[in-house]
Structure formats: C-alpha cells, structure tokens
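Each of the next two complexes has subunit A plus one more chain, namely subunit B in the first and subunit C in the second.
== the complex of A and B ==
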C-alpha cells in the first residue's frame, strides 16, 4: 500500500511537469491552430539555459535560473514565430507545410543544443534532500516546489483566461480568429503574447523536468514531448482545462503502472493511454466543437 | 581497389537505398498527403525483420527472434511485408478518426515508443546492441570478400531500385495514383465523387511501408548490422527533406533528392575528421544545415528542384470537343498541383 502512495506522489510530480508543458503547447495550438513539433526542444533550451546559470560562474539559485530560462525561451518563441513560423503559416494554406517547418525546426534546435552543451548527461546543482512524509506521501522539498509552481501557474492561467481582457481575447481568437479580428481584438498582439507564454511555460517545464528527472540531455525534451501529446489528446487538443486534466491522468497512470511493469516501459504506458483515448474518445475529454 | 572507389560504391549504395525509401514516403506524403512522421520506424521494422530472418540461430550472447537463415530476396521481401502489416495495424487504428495534424502527432509518438520499446526489449531484436553479423547475401556462394562485396551489392541494389522505380511509376500514373493526388488536394471533393478516400490512403500507406521495409532490409544486408542508433526519430526528417528538395509527388526528383540530402549532408560529413575537442560537432552542423536547407527550399521553391508535372489529359480540351459548352475549359482535365 505504501508503494502505491509513493507512486501516486511521484505521479503528481510528473503531472505537474506535464501540466506546465501541456498547457504551454495547448495555448499556442488554440491560437495558431497547428502543433509545434519543436516544443520539446524549446523545453531543452530552457533546461540548459537555467543549467548554465545554475552551475556556471554565476551560481544562480535554481528557481531564479528557471524563471530566467523561461523568459528567454519566451522571447525566442516570439522571434521564431515572427520571422519563421508566421510567414510560413501565412504563405501556405496547406497544414502540412507549417508542420514540416516546425518538425525541421526541432531538428535544428536539437542539434544546436547538443553542439552548444554537448551530449553528456548534466545535472542541476541542487542539494540532496531527505524526502519528507506528508500524510501517506513522500516528497522532497524540490518536488513540493514543482507541484506548487504548477498549481500557481494553472490558477494564474485560469484567472487570466476568465478575468482579464487579454485572456478573454485569447479565448475569442481560439474560437474564431476572424470574428475576433473584426470585433476589434488586436490579434497580432494576442498571437505574440501567446507565443511568449507558450515559450515561457516550455522553458519552465524543461527546467522542472530536468529537476524531477535529476538529469538533462539534449533529447529529453523531445522524448517528453510525446507524453505531452498523450496528455493533450486525452484532454482534448486545444482545450486548456483538458490539458490540465490530461496531465494528471497521464502522470498518475504512468507512475502507478510502473509498479506493475518494468519501469523502462513507462513511455509505452503513455502511448497505450493515447491509443485508448483515440479509440474511445478521439476528441478528448474536454472537446470543443470544430477542433476535433 | 582503392579506398576512393570503395567509398564511391558505398555512396552509390546509399543513393539507391534512399531512393527506395524516398519513393515510399513520396507515395504516402507526396501523392497521398499523409504526414507519416513515423516513417523511419517502418524502415527499422523492415531492417530488423530482414536481418533476423537472414541470421542463423542466435548465438554468442546475441538474442533475437526468428533466425531462419533465409536466402537473399526472401528475407528482404518478408521484411517489406512486415512493415506493411505494421502499417495496416496503425492505419486501421488511426486513419478514419484523425485529421492531418493529429495523425502526425500520433505517428511521431509511435516512432518514439517503437524506438523505446525495441531499445528496451532485448529478446525481440537484441535491444540497444541490435543485430550484428547479418550475412552478406551471395558472399559465400560467389566467394566475395569485403572489398568485392560492396560494388557487388551496390549493383544488386541498383537492380532492386530500378525494379521498384518501374513499379512505382506504374502506380503513380495509374487511376489509383490520380485519385490519391485528388484526395491529397481536396479530400472532401474526392469523397463527393464517390471515391473511398480512406481506402486509397490505406493502400498508399501499405505500399509506401513496403518500400520503407525493403529499403531498410537492403541497408541491414549492406551494413551487416543494425541497431537503434541508426534510426533515431530525427532520421524521418532526413527522408522528408529528400522528398521535398527533390520534388513532392515526383519519382524522378527523388533521385536528385537522395543525392543531395542523405548523401551530401549525412554520409559525406561522416568522413570529415572531427574538430578536436568537439566530437560530433560536424554531424550536428550537417543536421542543422539539412533543417535550414529544407526551410529555404520550402520558402523559395516549394515545388522542389524538379516540380511535379501537371498531368494533362491526352484528349483535346473539352472546349474543342464541344464548342457549345466551351465555358468548361481544359481546366477540368488538368490536375491541380500543390
């Protein structure tokens, strides 16, 4: 029984990492209506930037480094959209052009990361902490902080989307961007802002992924991308709340399943969930009309 | 034989192999519009199955299934068919339900999972070590050594490639190919004309996967070994780049694409000595160059180096046949390109 609680506890940590990244991916998908296949590499760039800040001569505190890394990826995402993705999306009507461009971008960024930082496994400079009992669960302080960051971020996004003018504009654009434009919403600004938020969440997600997995490699973001896909598809592509729920389902399921099967097949569990979701509810739990 | 000639034959082999891989992906993506981001997975299945069927019983710490010591073309064909069967499974599960981008998401995930699974599950195909010492076809029967095997097998691959080119041009010029391209350009209009778009896409997926499997099988028989480092999911992009650079929906352009992308950008850089202190930097730069090249081609010449030809009807335009209904112009008999 105690093992089950341990697994659930770690599942919640994974779910937190997933929620941050899945919401980042979904926000951008809702506005631009195409999947960013380079999202995993955005995460890797965030993870390595904060690693350099954290372990380099500056010795920045890991959480501050995480935030700086996130902001940097946010700016990078805005620039990539402005000068690469947006022109392609405007020029070609067919969806697959832009998908191939993001796929190609992921190859470029992956190799950029490994030529700058090398292929060796890196770690953050964080002290080893004894796990603490919290009820039946066992968490390190860092894991609790990660869960806290995810909860705060999700609440912030919820309030932004429901209470602020910018958030409402985002929802309007994601429902019908032409109508939003004719209603006087500055769609260019909202798109830029969304890319920034998506990059910010990717950067933060990449760093917390590195913290919770206790390792960073150039490809870890790309491998994690498909766990994000599983969460996003289970929740319903483009739905922010769906991404949150999907993250919890996939995070818990993969960690609890690791009790019963060899943990090296954890990824396959996420894929099995993805397939089951496609078979029984292809539009996801929180599907929206027209998006499935 | 001088090392240069040996090396040129090796490059020639890769051109032929990548042509076959490219034609398969071109049928799926160029003609059918299916974004198969898992393509390299089908190549790997073909390679593993061909290798494991051609090898004898596992020995010396190796572990894999099969081990039937099958002779040359049999293992290769079965490898292609194995990729087909896998494609059937994947298509039936996903094609009906998903639009382009979701399908691409699922396929890229599939590619990663397949990679992870084969890497971890040692009894299947030797895990991360993969298959080694795959017998060189005909090497024993003809008494070939390492030096003579390379040009010989490059020749065999040329024959296989020519055969597969001929078959592929028959397929793409047939009514089947036309309907496939129509469904790529507008699937709803094609369905409205009574064509079963799902069936056409399924068949193109199966044939394309057979090509993937055969290409993979040739590679394993040429190299004698195959493991997970040979088919990282990013390799799919390489073949996509070859198809797009050569010309989407065009079989001849593929030959040029296979020359430019996989050979010039990945096989050649492997022979440039490493910059001291930066292992692998050259290959990283080459991979980035492919990504940039692809984006440049897409932006400046989206039709590729050799564009897909407008397939015009041999009949005189409708306007000349029925002067009274001249308004319906020859447009109806041309095919819209991308």
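== the complex of A and C ==
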C-alpha cells in the first residue's frame, strides 16, 4: 500500500511538470493552430540556461535560475515566431509545411544545445534532501516546490483566461481570429504574448523536469515531448483545462503503472494512453469545436 | 444628407460622409471582384449596399472593414484615411462589422462574447492588471453593466451564461449585432443582417437598426431583401460588376433604367431577391 502512495506522490510531481509543459504547448496551439515540434527543445534550452546560472560562477539559486531561464526562452520564442514561424505560416497556408518547419527548427535547436553544452548528463547544484511525510505521501522539499509552482501557474492562467481582457482576447482569438480582429482585438499583440507565455512555461517546465529527473541531457525535452503530447491529446488538443486534466491522468498513470511493470517502460505507458485516446476519444476529454 | 446622385458611375465624395471609398479595385487571380467602386455613406444614415449576385458587395465590405486589402484605392472614415489600418484599429476607431453568415465566439459564453468586444480597456495591459487592479475592476464593472443592458435589450439576457455555439441561428444573429453594439460603433457594417432569419425577427432587427440610427450610429448594410431596404434605409448604393452604378433613394432608383436592367433583369418591385 505504501508503494502505491509513493507512486501516486511521484505521479503528482510528474503531473505538475507535465501540466506546466502541456499548458504551454496548448496555449500556443490554440492561437496558431499548429503544433510546435520544437517545444521539447525550448524546454532543453530553459533547463540548460538554468543549469549554467545555477552551477556557474554566479551560483544562482535554482528557482531564480529557473525563472530567468523561462524568461529567456519566452523572449526566444517570440523572436523565433516573429522572424521564422510567422513568415512561413503567412506564406504557406497548408499546415503540413509549418509542421515541417517546426520539426526542422527542433533539429537545429537540439544540435545547438549539444554544441553549446555538450552531450554529457548534467545535474543541478541542489542538495540531497530527505523526503518528508505529507499524509501517506513522501515528498522532498523540491518536489513540493515543483507542485506548488504548477498549482500557482495553473491558477494564474485560469485567472488570466477568465478574468482579464487579455485572457478573454486569447480565447476569442483561439476561437475565431478574424472575428476577434474585427471586434477590435490586437491579434498581433495577443500572438506575441502567447508565444512568450508558451516559451516561459517551456523554459520553466524544462528546468523542473531536470530537477525531478535529477539530470538533464540535450534530448530530455524531446523525449518528454511525447508524454506531453499524450497529456494534450487526452485532455483535448487546444484546450487549456484539458491539458491540465490530461497531465494529471498521464502523470499518475505512468507512475502507478511502474508498480506493475518494469519502470523503464513508463514512456511506453504514455504511448499506450496516447493510442487509446486516439482510438476511443480522439477529440479528448475537453474537445474544442473548430480545432484540429 | 447628400443629394441623391442618380445615373452613371458616381465619383464625387460627400464632405458630410461617415465613410467613403474612392476607386477601389480588387482582383482574385484573373477575376476582377471590385472595379473602381466609389461611394460615400452619409453620416447618420441607414444606407443599403445592393446589387446583383457577384456585384462585389461583400468584397467591398471586407475591404472597408480591413478584413481584406484592396489592390488600389482609398478608404476614408470621415476625414481620416484608414486604407492602411488593420481591421482591429478600424474597429477601435468605431468601424464595426458583422458577417453574412453569423459568426460567434463559440467557446465563450454569450456574456463573454460581449465583454471581449468592449472598447479598449485598462485591463488590456498586463501592467494594469497587476499594478492597477482597482482601475481594471471599475472598467470591468462598467463593461459588465453595459453588456447586461445590451443583452436585455436584444432579448439574450437569459442566455448570458450559455455557450455561444449553443444558440439558434436567429439568436446568433442577434448576438452578432449586440456584440457589434457593445463595441460602441460610430459606423456599423452589416453584411446581410436579415439573411436566414424569420419575418418576425426581420422586423425586430429592423427595429434595432433604427434604434442605432437614433443613437447616432451610421449604418451601411448589404441587403438583398428590397422590401427591407425600402422600409428601413434612407439611402441606397447600387453596385454592379464591381463598380458603383448609382446612389439615391430606393423610390428614385426604381426609375433608373440602368439600375433596373443591371439589378433584376428589368424589375425592381420590392420582392426578395433569392
């Protein structure tokens, strides 16, 4: 029984990392209507930026480093959209071409990360912590902080989407960008802001992934991208709340399943969930009309 | 109001116009959709834009609203040249449009559909959201009150918490117009507002358009139903083959042989052209 609670506890930590990443991916998809295959590499750049700040001469606190890494990836995402993705999206109306562009971007960024930071496994400079009992669960302080960051981020996004004009404008644009524009919404600004938030969440997600997995490699974001896809598809592509729920389902399922199968197959559990979702509910739990 | 300009292709632009376009051209591939359209919409009027199918009416509305850019020509809103402005900036100047097929923000509630259309608010800035929450709250409160009042007026208040995609066709049409009203337009472009709605609703929408005129809003509406045009419009612009054929009162245009020939093959009798 205690093993089950341990698995659920770590499942919540994985779900938190997934929620940050899946919501970042969904926010951008909702506005642009195409999947960014370079999202995993955005995560890796955030993770390595934090690592450089955390383990370099400045010895920046890991949480501050995470925030700086997130902000940097946010700015990078805006610039990449402005000068690379948006011009392609304008020029080629077919979704296929822009997907190929993001796939190509992913390869470029992956190799860029490898050439800058190397291929060896890196670790953050954080002390070993004894896990604490929280009810029947066991968490380290860092794991609790990761869960806390995810909860605060999800609440902030919920508040923004439902209570602020910017959030409503994002939802309106995601629904019908032409109508949003003719209603006076500055769709260019909303697109830029969305890319920034998506990059910010990718950068933060990359760092917390490195913290929870106790290691970072150039390909760790890309590998995790397929788990993110599983969460996004289970929740409903383009749905922010679906991404949150999908993250919890996939996070818990992969960790609890590891009790019964070899843990090295955890990624395959995510694939199995992805395939089952596509077979039985391809529109996801929170499907949105009008979205692919 | 400008004097009716009958016959030929009008080119003069009235100084007292809310909106005008000069020598607008637009081609799609080899097909010329608009071929030198020039007209002005008198301030405070309800003006109809009519013409046979393929005359270029919707293309002109798309160009006027900024949804489409013209190949050449100018669009003026009062004295301001808005040719180069994107549609959201035209909307912020007060030029709001509706679409031929009702469009709603289906993933938002009826109430939220109106809230996003409210004129520029302090809540648009993230700095204001976090640093001046009181100001944002006050603006939101005012917008909420205004949205509630408009929904009441358009008979949609009881549906305010429904998803917009769940509304019926007629309700979606009313929502589209009420969302346009929420944006505080000085000039409203209605693309076939009566299309696909029942006769009772046609009267109701006609009444709302008159209320808007009384409130000082200029209305330009594309309309096929000549009975409606006769009843509610005080100025008519006739387009044919992408050019302005004539402007004036409906009763005067009936006597214009060019218009009669181009429009309905010889009969302008107020029936619905479908």
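Here is the rule we go by: the second predicted complex is superposed on the first by the 291 of 292 C-alpha atoms of A that agree within 3 Å, B and C clash if a C-alpha of one lies under 4 Å from a C-alpha of the other, contacts with A are read in each partner's own complex, and residues count from 1 in each chain.
One rule holds in what follows: a contact is a pair of C-beta atoms (placed from the backbone, for glycine too) under 8 Å apart; a residue touches a chain by one contact, two chains touch by 3 or more.
It should be emphasised that the depicted structure is a prediction, and the values quoted were computed from it without experimental measurement.
Student: Let's test your reading of the overlay: on subunit A, do subunit B and subunit C clash or fit side by side?
Tutor: Because the two structures are overlaid on the shared chain, the partners are seen to fit without clashing.
Student: For A:34, using the defined touch cut-off, is the partner it touches subunit B, subunit C, both, or neither? Pick first, second, both or neither.
Tutor: First partner only, subunit B.
Student: Quick check for you: in the superposed arrangement, does A:276 touch first (subunit B), second (subunit C), both or neither?
Tutor: neither
Student: Is A:97 in contact with subunit B, with subunit C, with both, or with neither (first, second, both, neither)?
Tutor: first
Student: After lining up the shared chain so the two structures overlap, which partner does A:111 touch, if you call subunit B first and subunit C second: first, second, both or neither?
Tutor: After superposition on chain A, A:111 lies in contact with subunit B alone.
Student: Could you look at A:88 and tell me whether it touches subunit B, subunit C, both or neither (first, second, both, neither)?
Tutor: A:88 sits against subunit B, while subunit C stays out of touch.
Student: With both structures superposed, pick whichever of subunit B and subunit C touches the larger number of subunit A residues.
Tutor: B
Student: Should A:119 be classified as contacting the first partner (subunit B), the second (subunit C), both, or neither?
Tutor: first
Student: In the overlay, answer first, second, both or neither for which of subunit B and subunit C A:175 touches.
Tutor: Only subunit C is touched by A:175; subunit B is not.
Student: Calculate the angle at subunit A, using C-alpha centres, between the directions toward subunit B and subunit C; round to the nearest 10 degrees.
Tutor: 90
Student: Between subunit B and subunit C, what minimal C-alpha to C-alpha distance in angstrom results from the superposition?
Tutor: 13
Student: Output the subunit A positions appearing in both contact lists, the one against subunit B and the one against subunit C.
Tutor: In subunit A, nothing is touched by subunit B and also by subunit C.
Student: Which residues of subunit B touch subunit A in their complex?
Tutor: 29, 33, 35, 37, 93-94, 97-98, 100-102, 104-106, 108-110, 112-113, 116-117, 120, 233-234, 237, 240-241, 244, 278, 280-281, 284-285, 287-288, 290-292, 294-295, 298-299, 302, 338
Student: Okay, in this complex, where on subunit A does subunit B touch?
Tutor: Within the complex, subunit A touches subunit B at residues 34-35, 37, 84, 87-88, 91-92, 94-97, 99-101, 103-105, 107-108, 110-112, 114-115, 119, 222-223, 225-226, 229-230, 233, 237, 262, 264-265, 267-268, 271, 274-275, 278-279, 282.
Student: Hey, which residues of subunit C end up touching subunit A in the complex?
Tutor: It is residues 65-67, 86-88, 91-92, 96-97, 99, 103-108, 112, 115-121, 123-124, 126, 129, 136, 140, 165, 179, 183 of subunit C that touch subunit A.
Student: Residues of subunit A touching subunit C in their complex?
Tutor: Residues 160, 164-166, 168-169, 171-172, 174-176, 178-188, 193, 288-290.
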